[in-house]
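Shown next, in structure tokens, is the structure this report addresses.
A, B, C and D label the chains in the order they appear, each numbered from 1.
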Amino acid sequence: METNPSDKPVKGKSPIQSKVSRYTKPDDTLVNVSGIQIGGSDIVIIAGPCAVESREQLFSTSRSVKAGGAAILRGGAFKPRSSPYNFQGMGEEGLKLLSEIRKETGLPIVTEVMDTRQVELVASYADMLQIGSRNMQNYPLLKEVGMSKKPVLLKRGMMATVEEFLMAAEYILSQGNGQIVLCERGIRTFETSTRNTLDLSAVPMLKRLTHLPVIIDPSHGTGLRWMVPPMAKASIAVGADGLIMEVHYKPEEALCDGFQSLSLDEFDLLMADMKKIAKAIGREIAVPKHATV
Amino acid sequence: METNPSDKPVKGKSPIQSKVSRYTKPDDTLVNVSGIQIGGSDIVIIAGPCAVESREQLFSTSRSVKAGGAAILRGGAFKPRSSPYNFQGMGEEGLKLLSEIRKETGLPIVTEVMDTRQVELVASYADMLQIGSRNMQNYPLLKEVGMSKKPVLLKRGMMATVEEFLMAAEYILSQGNGQIVLCERGIRTFETSTRNTLDLSAVPMLKRLTHLPVIIDPSHGTGLRWMVPPMAKASIAVGADGLIMEVHYKPEEALCDGFQSLSLDEFDLLMADMKKIAKAIGREIAVPKHATV
Amino acid sequence: METNPSDKPVKGKSPIQSKVSRYTKPDDTLVNVSGIQIGGSDIVIIAGPCAVESREQLFSTSRSVKAGGAAILRGGAFKPRSSPYNFQGMGEEGLKLLSEIRKETGLPIVTEVMDTRQVELVASYADMLQIGSRNMQNYPLLKEVGMSKKPVLLKRGMMATVEEFLMAAEYILSQGNGQIVLCERGIRTFETSTRNTLDLSAVPMLKRLTHLPVIIDPSHGTGLRWMVPPMAKASIAVGADGLIMEVHYKPEEALCDGFQSLSLDEFDLLMADMKKIAKAIGREIAVPKHATV
Amino acid sequence: METNPSDKPVKGKSPIQSKVSRYTKPDDTLVNVSGIQIGGSDIVIIAGPCAVESREQLFSTSRSVKAGGAAILRGGAFKPRSSPYNFQGMGEEGLKLLSEIRKETGLPIVTEVMDTRQVELVASYADMLQIGSRNMQNYPLLKEVGMSKKPVLLKRGMMATVEEFLMAAEYILSQGNGQIVLCERGIRTFETSTRNTLDLSAVPMLKRLTHLPVIIDPSHGTGLRWMVPPMAKASIAVGADGLIMEVHYKPEEALCDGFQSLSLDEFDLLMADMKKIAKAIGREIAVPKHATV
């Protein structure tokens, strides 16, 4: 029989000797986001708009995704945009709106932090801190959220190997914060018909190498609204612990990523389909908490 | 709302004006491989060894994959290998063994053809002609199988865009042969932990653009035996019309691709899991034909 | 000091044990194309149209590139095109025109062969057989030109590693033909502003690993006429043994690749600049032979 | 003639309407680094160690690169490393050593800044602020150096398109700082024999699209010491305005990137060769300033 170097999960020994490794900690890590557990048997759906744009947009979308079964709410207040002249997010005003709708719906909030100077501010509003793909190797930022007490959603860089992704998580863990969820969101390849190439093989690869939960972002991974449902279903079949999806009450009016955001009706249909796939593999979709008002 | 050029399925107009396009032919094409239909409601499993190595290896593996539920048998007689010093396949002797086991099991045979001069020979034994990924843009070969009456399994080049893949199929169609099954088998990216990056988004993209059936090869797509089952299940959830998988009765002794071949037991387990996913999306796994002895 | 796996030229041992390797044959191979030597001190310029389109186009362009200093004439009679509906070349008629202009100008001819069945025909007209990038892993074709007595111009596949490129040359060498020139012509990457990414680092890498000459195709490598001159100059500075360039007497009317073909004036200017760079590194541009009429 | 969308320099209109664009400002920008001009006729060589490791290492290397003809000194005090357990740089202590050797040699200093909170500190020591490739889309950091008065060396992300690279520069320009030098340092591709693929075509592409100077980093671009000289020579031939290279007095003992650092002797030899190429294209290598003690 031929020998094959790629039969070994990753080259080099670093992840194996590190805190992210299953060799170091064989049991699955459960990440607790204000009462919602990611990494256990239940599959967690995170949904919401790309960016917080207005009270009406956020509240309307949030109420609907909760009704549809999302367990965590997403929404950006600080947005990393390719052009300095694009909408950069509502900033703290957006964080306040997120906080308000959390109170009403009971949904924990995940939102992005881009600057070491803002970690404290964002952590004071959010239940989970998101590190975006452009910042996956922003080491000062990784260290800063590593010193925070909040769980972290770490997105894979669009250019990062699985090994580099794990080393980025190691930066956070090395500061004492082990509540990390890894998110595959598409890598950059030569193919141009999709925005990125969603690498679903990263799920079994990461689950083998690390004890951390792994979720999928089919919205950024494909960049195409109509492609989100089939890729979301495949994500569940491949073993992901959750999904994060962009949903907008009026996608055609969205200030960012409207072309990849599901409408509320599309989200409802997809939830029904995902429940069937989850059942076929012996799992369930996590149920949202009640508001504790 | 922002405008996004990638919202259009492909750039340029060529596929839209071509015979492969859904614009030209909206209804799904059914490909008939000696009685097994690909592209209909039932999902077709193609299984067998990478290469025909010996009577014992082929016959033992073939009987088992049929018992496990495979509807078509795969096995290479002419093998494209990176090195001229590697095993190049058994040639016509391998074709004869394939023909013999077809008679016994009733399973139709798919096998690769690499040379325009061999199309007639291979077509005299096989039920379906495979064009390998390295030959996806071998235009004389595409034209030659286009003039054959046999159905064609066309594998995506590891460097080919979806648009180029469709243009390769168009070469076959332009010669009058419309019995073509497209096969995604992994693309080459910067990621090195897997052999290739299996692009499952190609399934919904291709199903939208063309009427031809689309199947997945998770063996070459990942290069890792343990990763074949999760990716096979995801392939069904994403909407593939079938799978082609390498199975070997003794993977550790295989002359080629042993590290990515399933054992017979692993294949049986996977078949059971795939049936559940198929059911969850309202489809079924195609049942093999009886031998017509 | 850190250890770095990439400090070793290539992974695996195969090229080192093979006939293409400098370990096997330390001295540079000189490839003799009907009297023009590639791989020695002189840098060889190959120029001409993408495809032979007509007597006037071929003859006019050929006379000019000879006057400008090209030592070998290029021109395609059989063209591999992405679409079956694009111009596919003039076929044998084109070969005859190439043969005629060779007689007049004395320039040896390099032209592509795509089909194992055509090797004998093309070899009966051409001085050098070109294997195009889409056929770099067309193993029956590599073997067939390996059995020919003609020198071979082997183009790198647009997604082939350096190691795979060398193994393709090994296929030719394994059949007894060692007169091979390797040609880097751009690889496929995520960057879309150029047609391909011309990988000039392949020149020193290949020169270190193999004794075969290495040339550059800046026309396909960039796909942009205005970018050919700077990349051609860089190719000489980096140590290439020659260049192959598309030149057309009326680029705006070319049936293929007009947007990347130099005009006759641009070619003349570039030749003057290349001579200066060659001199700065202690080499010269090879002088074309006289017609032997 | 065929039409070709890639004949247009970049897709979309944003760079054309932006401050980085040649449409907005046709004349070349000259960047003044404490008296050394980048972007004019003279080619500027920036050299020095990857990281400041010790007084002896920095001072010995700096004196030698000045003697060899480098006009600007590079050296990292804050190092972005893939692993949190690798040497992270000497921090402010390193900045002080850089400042000391500047006083002795008269060489301006370029050094990396990674954190918005450190921009003021680093700017108080350095003559030029480097934004590393991992931070090319760290927008808060880009804005912060955009508000600084120091010139900026912006490195291309390893998976950034030319268009995204220009938009990153636009972030800096949009804050009022137009003293920006762009640096191509290798992109990530499927090829693994080099650390990255140095994209020399980015030089003519960027020079066409923007008025900003463009330099090359052949050390990171190749990751192989022996490949730095040929790629450096090609960089000059292709039209780069400068080079930045890693040089170490004892490469085999370097704490980072030793395998890609030139020795002092190799640097001297390369400088002599580069002068010849520069002369052949009508340019010169910039002469270092005298120390003003």
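Operating definition for what follows: a contact is a pair of C-beta atoms (placed from the backbone, for glycine too) under 8 Å apart; a residue touches a chain by one contact, two chains touch by 3 or more.
On a predicted model such as this, the values are computed, not experimentally measured, just so you know.
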Shortest chain-hopping distance from subunit C out to subunit D: 1
Same-site or different-site touching of subunit B by its copy subunit C, using the half cut: same
Of A-D and B-D, pair with higher C-beta contact tally: A-D
Taking each chain's C-alpha mean as its centre, the one farthest from subunit C: A
Rotational angle, Cα trace of subunit A fitted to subunit B, multiple of 5°: 180
Chain centre separation (subunit A, subunit B; CA means) in Å: 33
Inter-chain centre distance, subunit A versus subunit D - centres from mean C-alpha coordinates, in Å: 34
Approximate Å spacing (C-alpha centroids) for the pair subunit B, subunit D: 48
Residue numbers of subunit D (touch at least two other chains): 11, 159, 188-190, 192
Interfacial residue positions of subunit B with respect to subunit A in the complex: 1-2, 4, 6-7, 9-11, 159, 161-163, 187, 189-195, 197-201, 203-205, 208, 221-224, 226-227, 230-231, 233-239, 251-259, 273, 276-277, 279-281
For the subunit A and subunit C complex, residues of the former touching the latter: 5, 11-12, 188-190, 192
Residues on subunit A engaged by subunit D in the complex (per definition of touch): 14, 80-85, 114-117, 134-135, 137-140, 143, 157-159, 164, 167, 170-171, 174, 188
